[in-house]
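Shared between the two complexes below is subunit A, which has subunit B as its partner in the first and subunit C in the second.
== the complex of A and B ==
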């Protein structure tokens, strides 16, 4: 095979593009000064200490985790049966239900956020963590559905038959054969959905108040009024959370076993 | 109805999809311990028939009984069946032991008993040293053994085999065929075997049901199928043969073809004059010499010769372009193009009229 400098150079360039902004944010978060600037002037954990003292930030982190995990798991509970239905179902499911569930991919999120705000207004429900969870669940469904479906389509149909004829009820066949088979796909989909929820601003912006504020919205609000390295510290924490989630998904999903 | 000791009965079972009949009025019954093959070309309905027995498909009409109980309205898990699939369908995330024990686990058998019986079943098919492996760490032959153990562990009333040898290479396949057959005979388990491979069906089965277009053309012992096929379709599908088109004419009736006039073999019913097909197995035809006295003889030349190691087959073409397949001694040396006379005894021939044996 021909080896040259082209590919390694290209890969380094892309890696640099991906990691450079991240590195700057992390570096800035440890700056002792009161303005965001680069290069940094020293090293201090002061903004992290300030962050933990900030009630709004801490509340938003907790809220974001609650909303992220709830919406992605509820999304999975909706998406898994939907994926089974699309795989084994009739023309109506394939032609109508499937595109409908995928539509949040295509819809501008700002439009969707505004729409669901009007919707909650019509129902008369007060905005809360629950209304936010529902809003994010709609976003989560297509992620879990799409990845689960890809795995499900690669599953030999005889596996479920083999389970049934060996004595498994339809539920047992799903529980002991189908679910373990699609586990890696479901976990990947759930982790995507979780990351989407944890970073979402356009939809959350419409659905959050002081009580149910999420982390990205808190960062966004903060940046409008301040230019302190606190934002960088909060962002670094957000990146860390996402990193942990993706790593955990690899372990839970059993990437190597599937 | 009399209380018949059948393990499996199909009574006029039919299956159609949107008016398309896939299986048509199929009936047969199997005694305990019998090994029956469903043999036919793809699309003949053999797999659909097996699916109906397993419970993956519901018959449009007819009844299926296992040990005298009607089961065609039951889900697969309540039929007490074991099944080995094409490509084995082992559960990829479960170790061999979990795969084998799956049926018992679904039945709520206590763990200690499952562990015990998994070892027994694994011994039966000689995979006891592989219990901690995952299916993808096994060879094709080993996977097949595990699939068989998984099917047998529940002590099913009936075992279904869906083309289980198709994925194995030839040597291993023949070895497994012999081993599986003797194991199943030893266990006395009633087995339905689906295959499109006639050698496999003939060598393994007590009886073979040959299916065409949703119908059973003939159900018989392997040797009877080969020696006395009841229809021209079965005769053409099982083994190799020569078919000569012609007419029955004269009094007494004789078979008239461009290659000559031949004596009519003994028939079950008196044949009538008209179009007919004359049928000869390769073993029925011999090379004629000056000393031989065959009732029917034809001249031609060798147009092909195939050596099989233990035997040899030649094809003889006549001036009217009729081809005869002849089994010859493996040491027979005949050049392509060499003139040859062949002959046969009338008793070794058969006659078909309207596709049916006369």
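== the complex of A and C ==
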């Protein structure tokens, strides 16, 4: 169907608007001045150098990577068996357990963080990186589960059957047939969960102290208090990290067939 | 027999589900229950029936200030979802119908609001809208205005920012639903003499309502629960339920009342989720 020029032009304009705020943050991050303004007053990597001298920011980057990788991997380790169970399970699993496992997606993040804060207070456990890892794992589960389930549904049943007939144990059939088949889907889900963890502020906000602060929470604290180009530089580095992760996931996951 | 090709017994299913159910219960169900218990004034460390009270709920229902905040939050969700739907529909339609190679690049662009993080988007709009920001330097530089305009802080800035944040959630279901509409239907309408506008109103729109509704509900949910962007772009005086919860914790240290507000927000989410399930009816549109 011919769509003419209007629609592509409009879509391009909206696409430009979606990217513009990001471009402008990158632009002001190179401003040598002490507060963010436009047009920028010069070009200097000053704030990119300064941020590595800031202990909170360096610590928060390390913490964020620990929490992000741990929670998305634990999420995958528990969500892949769950996806198998949902494909093979009965009505109860499909109609009750599956929606239950997806429901964290609908929970307002700030409320969820508050609940975890109160709950950990009850158990007497100190807030630590583990608090964040558990919280972010629950966030990761729906992403990995959905993608894995979609790939499993598209998998021809005869693949596993053939492996079993040829003498493979259920574990071998999973390890050498199912797992390679779902690899790209799982990698996509894990990388998305990782991005969610690396960018999440509301869940982590009540759960972070000086020791277990994450990168986006550190940026948020800076944003509340001042308007230095430093926050722009740190945000740009955060986006760069996310870009590298998404790119690496595409390589690890292979060419997507989904 | 499922897609995996082998039957797994009931015991096997239980074992496969055990770890995930344990984590979701400990990390999400129990914290939710603690919020619920605390909203009734019960101290969870040493609970007793004597502590049970509805006074915190009475405070919520009796105070016009909080009724207004809840009203603002719902209105905020409706208005952002409506604007996002209007802006995103043509884009979703274009992505579904265009055969241009650029659409794969465009798919990456539509995905960016989800991938870059709330701090990046909020900061971007702060730089665009602030007194020393992009729009004001453009307007004062060209002499259109002499004094910088107050663009940041308030409804306008927050709505613009939230439309950006939620754009992806709207465009994806719309694109998915338009893909399912047979282009021959539109051709038929046109051949029978309907103009482009009438074809849109009487063919395309009715057939895409399911996708629009799915996107609308997700966006509504996201907006009602949004915290960082409304706090930073709304400024003082812009209060929605998540901001009120944050203030109850950081300023007033009123945990029972923060719990009441949280339970209210969860109720809104549950209602929206129920609507979502009814609309989706098993179809995965997102």
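Following the convention adopted for this analysis, the second predicted complex is superposed on the first by the 252 of 258 C-alpha atoms of A that agree within 3 Å, B and C clash if a C-alpha of one lies under 4 Å from a C-alpha of the other, contacts with A are read in each partner's own complex, and residues count from 1 in each chain.
Note that a contact is a pair of C-beta atoms (placed from the backbone, for glycine too) under 8 Å apart; a residue touches a chain by one contact, two chains touch by 3 or more.
Computed from a predicted model, the values in this text were never measured in an experiment.
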With everything superposed onto subunit A, say whether subunit B and subunit C fit together or clash.
fit
For A:246, decide between first (touching subunit B), second (touching subunit C), both and neither.
second
Name the chain, either subunit B or subunit C, that contacts more residues of subunit A.
C
I'd like to know which partner A:210 touches here: subunit B for first, subunit C for second, both or neither.
neither
Identify the partner contact of A:53: answer first if only subunit B is touched, second if only subunit C is, both if each is, neither if none is.
neither
Go through the superposed model and pick first if A:84 touches only subunit B, second if only subunit C, both, or neither.
second
For A:159, using the defined touch cut-off, is the partner it touches subunit B, subunit C, both, or neither? Pick first, second, both or neither.
both
Taking every C-alpha pair between subunit B and subunit C in the superposed model, the minimum, in Å, is 7
Contact residues of subunit A, present in both the subunit B and the subunit C interface:
156, 158-159, 161, 164, 170
Subunit C partner, complex, touching residues on subunit A are 1, 3, 7-8, 10-11, 14-15, 17-22, 24-25, 28, 35-39, 74, 77-79, 81-82, 84-85, 87-90, 93, 97, 99-101, 103-104, 106-112, 114-116, 118-119, 122, 134-135, 137-138, 141, 145-146, 150, 152-161, 164, 170, 173, 178, 195, 198-199, 201-202, 205-206, 216, 219-220, 223-224, 227, 231-232, 235, 238-239, 242, 246
The subunit C residues in contact with subunit A across the complex are 1-8, 10, 12-13, 15-17, 19-21, 23-24, 26-28, 30-32, 34-35, 38, 44-45, 87, 90-91, 93-95, 97-98, 100, 102, 106, 109-110, 112-128, 130, 132-134, 137, 164, 167, 183, 186-187, 221, 224-225, 227-228, 232, 242, 245-246, 249, 255, 258-259, 262, 265-266, 269-270, 272-273, 276-277, 284
Contacting residues of subunit B [partner subunit A, same complex]
54-56, 75-77, 79, 81-83, 85-87, 89-94, 102-103, 105-107, 150-151, 154, 160
If you look only at subunit A, which of its residues touch subunit B in the complex?
156, 158-159, 161-170, 172, 176-177, 180-181, 183, 254, 257-258
